[in-house]
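Below, each structure is written out as structure tokens.
Two complexes are shown next, each including chain A; its partner changes from chain B in the first to chain C in the second.
Now for the complex of A and B:
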């Protein structure tokens, strides 16, 4: 009896074990099957993009985002392909685009635009005075968001005169009106059919403009496909299809260029983390060409002059810092992509061809200035002191931008050579922007907006409440500077404007409250057989419509 | 067993609520105003106080923290994670495709890791001290030590550019999986294969093995029993590695331009897109709890002693 019970018990255990084994095997098989299903579902879902050799496949580190032409969330390069503005900013000033011509009233308050006829939106809707009014009114109803653009606070109304004429009425004369109307956003023209209840501020139902390309497909964080607009008023572009692929890292981008999975790359000023030497090697191999633009923006150090307890409140310390920085070595760090900058604005920027005293790298001069200011280096000491206080301050940089870290370390080493102790603080973008806004910094890394926003946007933010407010707060000429900025923005004649800009940027240069480091370029890498590659004045757009393959 | 499962599930519920509360509060303690961050993420060049106030009201950030938490939690329980501050679309529609992309990658990687770790682990344990054992351990040690941001581009260069047999990056057909799966597997196989190997070697000295061998059981059967007893630690470890992989694939996703949840979350962190970050934390936490539970259940299924404890 006892033997029988033992046997039954063993049988039970075996049955249980078999059950468990089955469960485990079933589990493993299910996971395996799921894997196969997932892979094949991936194969079915993903569209294979068949590209012929005349398709331009652009690599970009980020997605195009929401390219609503009245907002700021999308990639400007993509917005510039789909939408157009009334005027176009060129190296020779504003030129006609959707407006064929314009008149400005004597008091500078009324701009009359004569629109191009026979222009249609990509959905077939006519482009006319009513469409312009709908667009400008929609932008103006969200003007809090466009507060950075002085024009948005000056537009009183947009009135339809006839089917192809509109009047833009301003509250006061504002010389950059045409320039600001030519920015990619917010005054770009979208088909009113895309508006949601007459508005665009909360999104649009489609991305339809009058531009040379149509957005036909977009998969977030993967790619966006643009097709030539056959009804484009300026003639159908030669390149029929442009695909913008998202490749977040520089190394993968270079490898994809080598493999020709992508064949076009336009570096964004200070953004792509690309090894410039590797880019040059691509050119040497013979498959690609490289073209560089003129300087488009400047990497700068904002110096807080508003804190009387900081050594940087003293102009001589700021000057010494300027002399101590080795800009040539800094430019070499970029592998030749950047040039040493001696002035805040390069001479290529409108109104900025000003003769200013260069403060080239001269550590000896920096030492003399500090000695004269009472900051002495005691024998055997590493850093200078004055009345027992060590000469030290902080430099904050954007940690998400690796080139800023390298440049900051070089500055730290340069300043140590002359006896200044520089603490580096790397923080993520939002923390740095917070510091810039509140003035909670000694020195802060930044990059100018570049053309076409220069020079008036940078001038505008020097005023109290602007982003560069802390740099001018402690200057003896602060009030005069504010008045000059107000005057230049309201100026009506070129001579006054030139004179005022020269005065503003001379003051900023003399006071060394913004220290220039390097000028950034745009670099385009493109196939050997691509022709007519050039740049627009707006660094954020690219003239894809003008390109053609041989 | 049923009681054990019920007990474990019951214990997971309060844990989930504690995680959700802590993550919500901690994220909201960030010094940067999310309304300002949302405006910056939308590239608004100049942010005025008036605009910040307006945005704060639009995003519901002007309400007390506990009310916001309550609303958010009740939404989460209905799988409604709110609207992205930056992209202005529902978080679910943003996070779901990205999560599925990562899940696909992690599933294939997990299967690869399980299969290869077990094969190498058993092979090396059975040939302990042999040249093959030393060779495999050495090679896998080298691969495990290679960081994915370094080995990834090297693999792309060799297989995609030089040999031209695989795509460099992106998501598409089965060939797109090969390189990221290999790179992700490298860092795990070396670890789990060692765990299995060492555990098997330790188990083979146990009394039950001696008894089985003395009873004349065939080697195949004895080894199967050793493997089964050795898998327990590896299973527990691996079950926790799966949600870890789901949460931490950002490097591989960036190198291989894989549009997954890691990339989405990192950009959300930079943009302070709170609803996306919170949804990410809650999903990853849910997966950690789930896989912890699965690990316990598998261990309990293999080892009845655990059910009693």
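Now for the complex of A and C:
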């Protein structure tokens, strides 16, 4: 019995002790945690030397994937390092790349390319007319996959004329042919030795092109290593090694830059995911430089007009939304690197210098429009109603892009001001792409592709079956718009083209079915001693071959 | 010695209780306590530091951090309490039935519990979010679905202890209805057990909800929520590290308080435990 009492007594002491220990442990842990945070932020200041001063280590949020140049699974930036195309899109129009020159027949249906001689694939295979034919035929056998690109439906055949001359025969004249042949995908040139049974659509046995860099090592979701191609026809690039590391976006990347685990970063289109203040601080510390491109893309809201039950089927509601969004404030959110956008296409884009009426931020006007459309704000109510129905719709955004969430919340608050209830739905990329494809949205956050895809690719996807077709489905001019898009793509002279593009984008502007928000730039962060940093016309690629260290 | 008296002597428990009641009160009367509108956007105040008008500064859209913190008590604490109450209610009813009737009914209910308990709760939550979409109500629904089985188990065990007691037998013999026996003679005895499991699971649930909101699966914008505030602060961790502190500390204090309170409650309800003062005397006498 006595023993038993003692045991209970001990247990009591233990309980008492336990409680005290618990408080002490909690205290210690809290203090410890704070210390860790402090040490952590102290470490940030410390600088480590990277192994090799002359290696570019690029941080990227995603893996390069399968960089098969005829498909879209890989990172375009990496594809552009390894593969080349017949022509290259530059700020001054298409320029020779693997083709030295070309002729276009009078009816615009036959393109004759004279190929660059003494070009070899990285595996030593010669680059010649047969290789071009193999590549283009392989792409064409997977035509359905390239439906977004009107050229794929126009190519009839690719014929070898002699060892260094090919003829590309089209079913009808198509003015953006050279431009589209210049996209890294799908018409890039891969070594025919990599084809599996003459096909590329089911995968390839290697990633071998004619480009300035070779892919020599790739561990999925970790890194990819590129080495300069010593036999590159344009001369071996100055930077011998480029490592592309996969890092989670945001703060991890910034920390890695500070610690010099990476030394190069190019923001990705559609929401640079970096804290601009922190980037500026990096520049101030003196190890990095920042260069910003001209506006390359427009952040937009796609508005679904195809659902007659939705309030957005009514043009006045779309216009009210346009007037209600405070674009100047929105541009400020990006830390001053973006500009408010009043039109879908910036005036710098070919054929897009059109005079359009700006709908600047004017909530009062938005309210008047809604009142006139019958959406009334009852006394004391938060949101407008019409025949008992509340003025309410959804906005879907890419949850992986924190910037889009912030912008969406701003829009939500702007619309609340004029009595519209906006629900935000943040989803991962594939779910959003799926919504875009199927038109399952009221409003969807998106980013334009920029030149060289603009304006013709954007016009093309407004047609039924295109990824923006939900925005035009409900328009009274839908039919006319389709016809105009078809006409402009087949047009032969500049004047018609200009007139038709003006009509197309004026309709889109008037109908407010695509609401522009801001024009976005690309930003590159790179070591102080790196020179000749510039941009390509295509926002998804970067001219690594032109860079050099001082 | 009554449990309440014991609890009153426990200073830590009282501190937690006072703190939590004030948090709940502030949450209920949020419009009264919050200095500003928690969803009012003003981009000119983006990441502004603390000021008289905005005591804890402003976030990425220039919203008042303190007001958001206060309004966030509603989903982060009050809704959790509400969901848990429903869970406990389900658990109590099923536990009473199962423990009192035993036999086949008990068997059916317990096997059902086994099935529910064999799923990891995170998986069920993710599955429900996958089916019904993101949103706080779906996460709460998932919590109710996954937690009721556990409560049923615990309460059933308590009921079984008491249902064979002499006074219950007497009540039955005296002709009391089953409902009367359950509500007047068994339920009051199990209340202490219920209180303990309730307070100790609040803390885990608060963390879970904040965790899901941090991942963007819980509360949707613009309604403020602590986990979501943390997630937003994370994006500017290097330039504005202080933005993480208010929601972080709030989650920590509230869940720690519920944890401590749960522990103290268990000690207080346990008849084997006596307050520290008397304990020491006893120890001396036994040595």
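Definition applied: the second predicted complex is superposed on the first by the 492 of 550 C-alpha atoms of A that agree within 3 Å, B and C clash if a C-alpha of one lies under 4 Å from a C-alpha of the other, contacts with A are read in each partner's own complex, and residues count from 1 in each chain.
The criterion applied here is as follows: a contact is a pair of C-beta atoms (placed from the backbone, for glycine too) under 8 Å apart; a residue touches a chain by one contact, two chains touch by 3 or more.
Treat the numbers as computed from the prediction; the structure is a model and nothing was measured.
After overlaying the two complexes on the shared chain, residue contacts for A:145 are found with chain B alone; chain C is out of touch. Judged by the touch definition given at the top, the superposed model places A:72 against chain B, while chain C stays out of reach.
When the two structures are aligned on the shared chain, A:311 is found in touch with neither chain B nor chain C.
Of the two partner chains placed around the shared chain by superposition, neither chain B nor chain C is touched by A:211. Contacts of A:467 after superposition: chain B is touched, whereas chain C is not reached.
When both complexes are overlaid on chain A, the residue A:426 reaches chain C alone and has no touch with chain B. Once the two complexes are laid over each other on the shared chain, residue contacts for A:251 go to chain B and to chain C alike.
Using the contact criterion defined above for the overlaid structures, shared-chain residue A:277 touches chain C, although it does not reach chain B.
Touch criterion met: A:399 reaches chain C, while chain B stays clear of it. Where the contact sets of chain A with chain B and with chain C meet, they give residues 23, 251, 255.
Across the complex, chain B is touched by residues 20, 23-24, 28, 31-32, 34-35, 38-40, 42-43, 46, 48, 65-66, 71-73, 144-145, 147-149, 202-203, 219-222, 245-249, 251-252, 255-256, 258-259, 261, 400, 428-431, 433-434, 437, 449, 457, 461, 466-467 of chain A. The part of chain B that touches chain A in the complex is made up of residues 31-32, 36-37, 39-48, 50-51, 54, 86-88, 94, 97-98, 103-104, 107-108, 110-111, 114, 153, 156-157, 160-161, 164, 167-174, 176-177, 254-257, 259, 263-264, 270, 272, 298, 301-302. Here chain A touches chain C in the complex through residues 2, 5-6, 8-9, 12-13, 15-16, 19, 22-23, 26, 30, 37, 41, 44, 250-251, 254-255, 275, 277-278, 281, 326, 329-330, 332-333, 399, 402, 405-406, 408-410, 412-414, 416, 423-426, going by the rule given at the top. Interface residues of chain C, counted against chain A in their complex, comprise 12, 39-41, 43-44, 46-47, 60-61, 133-134, 216, 220-222, 232, 234-241, 252, 256, 260, 263, 267, 272-274, 276, 279, 282-283, 286-287.
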